[in-house]
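The same chain A turns up in both complexes below, where it pairs with chain B and then with chain C.
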Partner chain A sequence: MWWQPFPNLSQLSAALGGLSGVPELEVETLRPVNLVQERNLLPPGPWSRTFRCTLTSIPQTQALLNKARLPLGLLLHPFRDLQQLPVITSNTIVRCRTCRTYINPFVTFLDQRRWKCNLCYRVNDVPDEFMYNPVTRSYGEPHRRPEVQNSTVEFIASSDYMLRPPQPAVYLFVLDVSHNAVESGYLKYFCDSLLENLDKLPGNGRCRVGFLTFDSTIHFYNLQNGLSQPQMLVVSDIHDVFIPSHDNLMVNLKESKELVKELLAALPSMFAHTRESQSALGPALQAAFKLMTPTGGRVSVFQTQLPTLGAGLLQSREDPNQRSSTKAVQHLGPATDFYKKLALDCSGQQIGVDLFLLSSQYSDLSSLACMSKFSAGSVFYYPSFHHVHNPAQLEKFQRDLERYLTRKIGFEAVMRIRCTKGLSIHTFHGNLFVRSTDMLSLANVNPDSAFAVQMSIEDSLADSSLACFQAALLYTSSKGKRRIRVHTLCLPVVTQLSEVYAGADVQAITCLLANMAIDRSVSSGLPDARDALVNAVVDLVGAYRTSVSNLQQNGLVLPSAMRLFPLYILALLKQKALRTGTSTRLDERVFAMCQFKTEPLPQLMRLMHPDLYRLDTISDQGALHLNDVIVPQPQLLHLSSERLSRDGTFLLDCGSVLFVWVGRACSDVFLRDVLGVHDYASLPPSMNHIPELDTPLSERIRAFLDWLQENRAFSCPLHVIRYFRLPTTHYVIRFLSSPYIKQTNKNIVSFNQSSVVHRL
Partner chain B sequence: KPVFGFVFSSHLCLSSLIITLSDLECDYINARACCSKLNKWVIPEMIGQCLSTMLMLVSMHWFIFLLNFPVAVWNIYRYVKVPMGNMGVFDPTEIHNRGQLKSHMKESMIKLGYHLLCFFIYLYR
Partner chain C sequence: MTMAFTFAAFCYMLTLVLCAGLIFFVIWQIIAFDELRTDFKNPIDQSNPTRARERILNIERICNLLRRLVVPEYSIHGLFCLMFMCAGEWVTLGLNIPLLFYHLWRFLHRPADGSEVMYDPVSVMNADILNYCQKESWCKMGFYLVSFFYYLYSMVYALVSF
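Up next is the complex of A and B:
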């Protein structure tokens, strides 16, 4: 071979450390860990954030995979916000002739003119244009081109990749204006937020917007440029919805901006005294579909109650007495196929539907969420939303809206995941529609959705020592440009069970199992799914014990890479989505399930197993220097109450909320320099911001907190809490009784030992 | 023998099912079109199967009745077990997930084999 990326495996693992974020296989990872003896367990990392595989060493055969008792799958976050993204502007996109894989860093060049595909092993020719490297202005070195040097690239797609001219950005807002909605007060905050962010909506001069409000009738708004004020058109026949006017309802944003602003300013007061209590959501969605069919785009639905009128009306199915039942939870699946059919219709017309559910009562989210699940939309849920009585939810709504309106978006997208010959994908998780065996139809792509797939090994991978995966996302950007984002992952193939265990990614495995458990709980019941999760741990322990036969010790022995597995599964079983025995509202449970299917991996891990840091001993050691700001990187602590001490201040990062717990004996210096109080007793009962003080310690702490907030899509609220002061009791209880801050290690060991002993 | 007619028509039913499913596998049609075609045949197939089973019972061909009975029961079970939110026995959002396409194919092949068996039994009686 004239040029091969990695002549041997050690070079591969060294290189992968940079390219795809897989840490080098160390001898350390082959050491077994006895959980009864080891108490200080920290999560492994850091990993790639775009493309992760549950097993970073792929077993060669299905038999070996079965022996390992671990699931094989990929977790990907294809449209993630990236700091650096190489964009290839050349006209030719080099792809394999049989399998249509895009050229990537892991192909082999046989000589200057031929390259061998790493997925189907076919030899292809290098086109002439490819021989010239525009970056280095040199000729004859195709392997130095940016497509072959970066595992994540973006191509500019030619007209071959378009079924129709790229669509403009089209946004439709469907708003519930029933009495319930006005009571909750969301409309004013939505209108304010949209007014503020109107200029930041992704799009160019062709961007269009429209508004639709509904209660028991549907209201359209004529915003045609030239009118003196917005005109409302009411359609009361909800059984046969028609569009009153064809051109003036979805208007060009730039041209009709004044009218749009006027409408947004007037909307909250227009319905202030409404007495309508019915909600005709189904007909409103049908109208929205008709409006958007010519172009495609995004529909944002704001709903505050159960739809009670017209097509798609839903009944209240939840039985409040069953909330803490330990038996199977009923009604986790949809009640009607109306929303699913609607979502499929929308997906076919490239319309993505996002749902904001702001209800205080049961609203059958399991049926409503279908409208987003299959049209690649997102679901947002604000239980007990009220603009006065629940300021926390209001603030969350405002933050989420700001991110939602301004984040990047891709339209009319399709995604294809290709794997090396011998591997095949059989199950997909996430908000998408599987159009054919490997083509996923995503009406909208957004940077905050992730997907997971499960794979099986159909034929032995003996032909090659590398297994590659490529995810290609073809989309239209908000500026109307057709682009292809390609991510490639390359992993070694191994033949030994011990190597499979050494390369296991415990966080990816946990998340994939969570996805599988959620599917299982909808199809065969929650207790079944929970048993399956426990069995996953028991099977792993059993398989490891039989494979490493020289272990005679008692205790819970696991491969080092999987040392946190029982802890993660225990944490997973305590999540709202899968817990039993604790009162959980059905809508909240269903939303938690939706979250598990769509949130990116790092966020899910924080939800399940929060990060614990000590703040008062923060130092500049190992700090990052970003844009002239020094961001300290305090060490991650083992998540156990043993680590909490009264003379310190600790930060618990739970993904959706941050807790800063101040110990009673915390130093006065810290209290003064960071929290701005003289002593412990004068800490206010509810404190939600770290004050901006001019001390270096305060700057460091705030820099660190800001850095944490920036690393996630939706910024989360902060609560400063202290010991046993009545108004904050509910936070303290939440903090201290969160499934993690207990003697979790001991719990795990006894829990698992009893199951393990029982089953083996 | 009207029985022959029934068996023959269920053969045709099943063959069209298998052809449609393999079309889907090879991407000749899309999931929604495939599923709506297949769902149309579910009820007629069930009714045809039940009718022929009843006929066996009535005409006292016990052995053949016992052969057909499990298939009829299985058809009814499959129809009843569809979750509320699904668009029929063949649901376009589920058909490509969890190897459902393969299991539907297998099921149709088994039924075809079963019917062929019954056909030959009629022939030699």
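Up next is the complex of A and C:
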């Protein structure tokens, strides 16, 4: 071999931060862990955030995979916001001739002129242009080119990939203006947010916007440049929706900016005295579809109640008495296929539909969410939204809206996932449309959606010691450029069961099982899905016990890499999406299920198994220095109430909310320097911000909190809570009843031992 | 040797003809799955946004076709079982009962939004569902072919014996 990235397996594994090559690490990861004895269990180390596999050592055959009793799948976050992204501007994109894989760091160069594909093993020629490296300006070293040095690259697509001119950024806002909507008061905050962010909407000079409002009739707005003020056109025939005027409803943002601003300023007051209580959402969506058909783009739908008029009208299906039922939950699937068909039509025309549901009563989210599920949109839900009575939801809505309007977006996208010969993908999870067994149609891509796929091993992988996966996302950027983002992942293939267990990624496995459980609960019922999750743990324990024969200990023994698996599954069973016995509104449950299908993995793990830090003993040890700010990195604590003590202050990072819990005996220095109060008794009952004080401790704490907020897409509210003071009781209950702050270790062991003993 | 035109013989004659129809349906299904699998051949076409609509319409059209075949197939097979029961042909009935239960199970486990018996365009292209449906079609093809010859033999036997 003239040049090969990783001549032997141990080098590759070492390079991947993997298992062999470091004897101490190897022993550590292969060591069995007895959960009855080990109490201090922390989550495993940092992983890639873009592309993760449930098993970082791929079993060679399907039989071995079955023996391990673990699912094989990938979790990817292809359009994630990246700090550094190498963009390749060359004219030739080098791809394998048979399988069309993009050249990646894991190919083998046989000599200077030929390369061997790592997915289909075909030998290809290196084109002349590829021999020149523009970065180092040297000739004859194709392996130094950026495409071969980075596993995530972005290509600028040549004209072959553009058979129609790339579409401009087109945004349509469909707003509910019924009486209910005006009561909840969202309209004013939406208009304010959009006015503020109008210049930050991703797009170039060709960007277009439009507005549609509806109650029992549909209102269009003529914003043609040259008019003195926006003109409203009302269509009252909702059974046969037509577009009143073709050119002036979706207007160029730059040209008609003044009119758009006038409209946004006037909208809240226009409907302030409306008495219309009906909502014709279906016809409004049909009108939106007709408006967007020529170009494609993004439709943002704001709805505050059940649609009661016209096509797609829905009935109230929830039975409040069944909320705490332990039996199967009814009505998790859609009541009508109207929204699904609409989503399919939209997907075909490259229109993505995002739904903001701001309702206080049951609105059949399971049917409404279909409009986003199959058109690659996103769903946002604000239960009990009211601009006066529920300030927490209002603040969340405003933050989410700011992120939503300004985040990056890709249009008319397709994604294909290729794997090494022998592996095949059989199920996709997420908001997408599967148009072919390995290709997905995504009308819109956004940086906050993730996908999961399940794989199987069709043929033995004996030919090679490496298995590679490549996800290629072809999209149109908001500036109208066609781009291809390519992620490649390379993992070793192993033949021993112990090595499979040593390389298991417990967080990825939990999330993939969550996706599978949600599908199962819709098709065969919630109790079935819960049983399947428990069986996953029981099967693993049984399989491990039979495979590692030298176990003398009694107790719950698991491979070290999977030591947190029972805890994660327990936490999963207590999530709103899958819990029974506790009163859960149907819409909230359905929304929690949608979240599990689309949120990226780190966020999901925080939702299920929050991070616990101690704040009052924060120090500069191991701190990061970012932009002249010192960001302390307190140690992650084992998530158990044993770690909480009354003389400390702790931070619980739950993904969508942050809790700061102040112990009763917390030091006065901390209270004074960070929270700005003299003593514990003068802490206000509800505190949502850490005051900006000029002390070093306050700066450190605030830097850490800001760093946590920046590392996630949607910033979350903060609550400072005290110990048992009445107004904050509901926060305390949430904090203390989070699925972990209990005598959790004892619970898991007894739970699992009883089920394990019962089944084995 | 007299030819006795019994009710059993009549049953077998009818099922023979209808079984030919069932074989036809299953062949149609197998071809439809093959059509579903073929997206545009050219990768440029596959990534072309204007082709996306064609592909979705294609998938929906084929799914509609497959769905229209489901109820006729199940009811014809149900009719077979009924006829054999009335004719007292217990062996033949016994051979067809498993397939009857399988059909019932499939029919009762269809998606809940009511409109579609099965073959949902949004999930049909997942390889596990597609492979399952293809395997199902091939198995049924084998079963119906074997039943066709069995009914032929039984018809002749019923006509000739007395």
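Before moving on, here are some points about what is shown:
Criterion: the second predicted complex is superposed on the first by the 750 of 760 C-alpha atoms of A that agree within 3 Å, B and C clash if a C-alpha of one lies under 4 Å from a C-alpha of the other, contacts with A are read in each partner's own complex, and residues count from 1 in each chain.
Simple rule for what comes next: a residue touches a chain if its C-beta (ideal position, glycine included) is under 8 Å from a C-beta of that chain, and two chains touch if they have at least 3 such contacts.
From a predicted model like this one, the values you see are computed outputs, not experimental measurements.
Of the two partner chains placed by superposition, only chain C is touched by A:296; chain B is not. With both complexes superposed, C is the one of chain B and chain C in contact with more chain A residues. In the superposed model, A:266 makes contact with neither chain B nor chain C.
Look at A:462: by the touch rule set out above, it reaches neither chain B nor chain C. By the touch criterion stated above, A:435 is placed in contact with chain B and with chain C alike.
In the superposition on chain A, A:336 makes contact with both chain B and chain C.
Of the two partner chains, chain B and chain C are each touched by A:344. Of the two partner chains placed by the overlay, only chain C lies in contact with A:412; chain B stays clear of it. Chain A residues 333-337, 340, 344, 348, 367, 374, 426-428, 433-437, 523 lie at the interface with chain B in one structure and with chain C in the other. Contacts from chain A toward chain C in the complex involve residues 100, 160-161, 163-164, 167, 296, 333-337, 340, 344-345, 347-350, 367, 373-374, 412, 414, 424-428, 433-437, 439, 441, 454, 474, 523.
Residue ranges of chain B in contact with chain A, taken from their complex: 24-25, 27, 30-32, 83-87, 92-93, 95-99, 101. Taken in their complex, chain C has these residues touching chain A: 37, 39, 43-50, 52-53, 55-57, 59-60, 109, 111-116, 121-123, 125-128, 130-131.
The touching residues of chain A, counted against chain B in their complex, run 333-337, 340-341, 344, 348, 366-367, 370, 374, 426-428, 433-437, 519, 523.
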